[in-house]
Amino acid sequence: MIECKVKKLYGDKLALDVDCSFEEGKIYAIIGNNGSGKSTLLNVLAKQVRYDGTVNAPKDVVYMTQSAYNFDFSVRRNVLLFTPKKDAQRVKEAERMMQAIGLDALAKKKANRLSGGEGQKTALVRTLTQDAKILLLDEPTSSMDISSSKIAEELIKEYRARTNCTVFIVTHSVLQAETIADEILFFDGGKILERGKDIIKTPSTPELQLFLATR
Amino acid sequence: MKKGFKLIALVCIFALLFTCLTLVACNKKTPEKIVRISTTTSVNDSGLMEYLRPYFEADTGYKWEISSAGTGAAIAAATYGNADVILVHSKKSEEEFVAGGFSYVVDGYAAERVSFMHNFFVLVGPSTDPARVKAVKNQSGTTVKDGFAAIAEHESTFISRGDKSGTHNKEITLWPESVGIVDNNVANIPEGIKGWYKSLGAGMGACLLAAQQQNGYVLTDKATFLSYKNASDGDRLPALEILWEEDSAMKNTYSILCVNKDAPFVSSVTGEALPAGSVKIDPEAAEVFLKWMTGEHASQLIAVYGVEQYGGSLFTLDSGYRA
Amino acid sequence: MGSVFEKAGQLILGKDPLIGSILGTTMYMAVLSSLIAFLLGAIIGMLIANHNFKGKTVVKIILRTLMGLPPVVVGIVLYILFSNTGPFGALGLIYSVPLMIIAQVVLITPIAAGMTESSVASVVELCKPTLKGLGLSPLKRFGLTIFECKYQLVSVYLFAFARAISEVGAVQIVGGNILYKTRVMTTAIALNYNTGDFAYAVALGIILLAIALAMNLTAGILQLVARRRHDRV
């Protein structure tokens, strides 16, 4: 069980105010408007910002931030940056993921000269080569085309199945949230306003109704 | 985040220590016999020392290391313990140096200051001679001071070194009192003469070029003037000519002073007196240099220096400094 | 100006007996001092860019002030400290190349640090979250950050070298411009200007520029080659 009782202020503005718990091994999708506290929650779980309160969560975290950065290496090297060369099975697994998402053709290209979507694929696959207890993904498919996005979702699910970790995925796609998540969290004004499997179908707050209406 | 600070500090300290150690290690002491000479830039610029170097090294087995700076810094180098001997040409500063106990009388010599050679400063100016200095010179019984008076009277452009160098110190003694130049402090230049009296605060070369460009008069040592006149790419001062030379008031005497190893050295930072003998001075090397410079071989060499290039010797040897 | 280029040619061809010594001293001093200053400065600059700490702005302001250290003042202070009557006189470094190197390091380190800080800040800003998110050790993060900033760091080094080879005020004072010992290109240029040998001075300047050009060309070609190799699919 991951428990989170946190307040985070940026200056005077309340960025996050949550008291919640999450089941381990589940996929959580986080939706909400800009500045509603989605990324702040990920930053707190990754312990990358200071906060007031307590977080009871495994320390073993991998975090793919919103602006995925690729290093001045080839795509292949970027993906395998943290995979020991001797570990043939993991190298193979990484190569399989690259192939699945269509990176194999770009393997020798410099990763920091790719298009936004290609760069995002590289960063995502690299993130998924690392084992962790918590996987944090901040809009991991925002620049990808729809079919790639679907493949990415599959890869994330596979990863969860393999490592049995807890996944938090921030997304602006309501559809993606529905397909991938075991539970959806709706953030507004730094608070979790609604959570559940079916909140998209049966929104109970006017905020979520408005949010969905504008999609 | 204090960790970052600590890391920075640690890295810096280690790197600095490492740097210092390597540098000290690299600077292994050469076993050669060396005499450290401090001299003014003008002596160094004249080329005389480079001309003499191979003969000195062959005759004595010593090597010399000549550091050059302005008169003040050249003498200060010795009071800071960085020279065994100084070769300068500024009587007043030399006398202060002696009075401070920084020099001593070498056996066989009459005084601390061994004034072994001289040349003359020359007054140069535009060939058009707007202040009629030449006419003044041609009258009988006039001295160069009358020439300077003429420049002041006509308010013709005059370029002053303004850098407390030997040349500057000489120049300020040549003006008539009425001009109002009292000492070598440029802050004391009277307001009324600033229109024509240009204090540059620059080296001889820069002043000569300024005089060339502004049709001005300038006091210079002859060697530098001639080297600009006979530069490798032609005459760089076509507008200028020597208007007055060989006046006793413009005599420029060069002296050698050996540094006293028991001089009252003070710490360069705190100003506290240092224990006698704690500053490394090599009087033996200094005396080798002094004796060679005032010896037979150097005399012959100096007497002919410049004859070939400029058609006349640049320095005249003096005598009478021996006990 | 034909004669100037002739003179430069003669100097390069080794027809001048002094040029070997001057050039050797210059290169030794410039390479060593720029390397030391670059290493110190780059590490300091990277650390400042990489960390957010209280007083970071103050540190940056101090650094930028130190970037403007007047060389002559540094020269005089070191002269006083390393004179035989000074606290470090016993080291015997006055009028020596090592002291010139120390002076250069004092002058160039803040410049290298400041330039590093300002030129890598944006890159660090970009890659820091990703690096942190990957759960790497601080040392590994630092290594990767340096790798990402390599082009900026090459520029910083080249600038450090250019400063080292062209500085005159401080090295003149602490080195004393002693022939065969501490005379370098710049002090030789100043000397030859004073003695009226402009052609020689400009010829030395041309050689100085040629060295800087060679350095920059080498760095440029290396960067090009590095990029080409990666672009080949």
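Read from first to last, the chains carry the letters A, B and C; within each, the first residue is number 1.
The rule is short, and it goes like this: a contact is a pair of C-beta atoms (placed from the backbone, for glycine too) under 8 Å apart; a residue touches a chain by one contact, two chains touch by 3 or more.
What you see is a predicted model; the values in this text were computed from it and never measured.
Enquirer: Per-chain Cα mean versus the mean over all protein Cα atoms: which chain has them closest together?
Expert: Per-chain C-alpha centroids ranked by distance to the global centroid put C first.
Enquirer: From the C-alpha centres, identify the chain that is farthest from chain A.
Expert: When every chain centre is compared against chain A, the largest gap points to B.
Enquirer: Per the definition of touch at the top, where is the C-beta contact count highest among chain pairs?
Expert: Highest contact count among chain pairs: B-C.
Enquirer: Between chain B and chain C, tell me the centre distance in angstrom, where each centre is the average of that chain's C-alpha atoms.
Expert: 32
Enquirer: So what's the Cα centroid distance for chain A and chain B, whole Å?
Expert: 76
Enquirer: Could you give the separation in Å between the centres of chain A and chain C, each centre being the mean of its C-alpha atoms?
Expert: So the centre of chain A lies 45 Å away from the centre of chain C.
Enquirer: How about chain C: which of its residues touch chain A in the complex?
Expert: 126-127, 129-136, 144, 147-148, 150, 227, 230-233
Enquirer: Would you pull the chain C residues touching chain B in the complex into a rising list?
Expert: Against chain B, the touching part of chain C is residues 3-4, 7, 36, 39-40, 43-44, 47-48, 50-54, 79-81, 83-87, 89, 91-99, 101-102, 105, 173, 176-179, 181-182, 191, 193-200.
Enquirer: For the complex, give me every residue of chain B touching chain C.
Expert: Within the complex, chain B touches chain C at residues 1-2, 4-5, 7-8, 11-12, 15-16, 19-20, 23-24, 26-27, 29, 36, 38, 41, 44-47, 50, 53, 65-69, 73, 77, 79-82, 203-205, 208, 224, 227-228, 231-233, 236, 265-269, 274, 279-280.
Enquirer: Mind listing the chain A positions that touch chain C in their complex?
Expert: The touching residues are 46, 48, 60-69, 71-74, 82, 108-110, 123, 126-127, 130, 132, 136.
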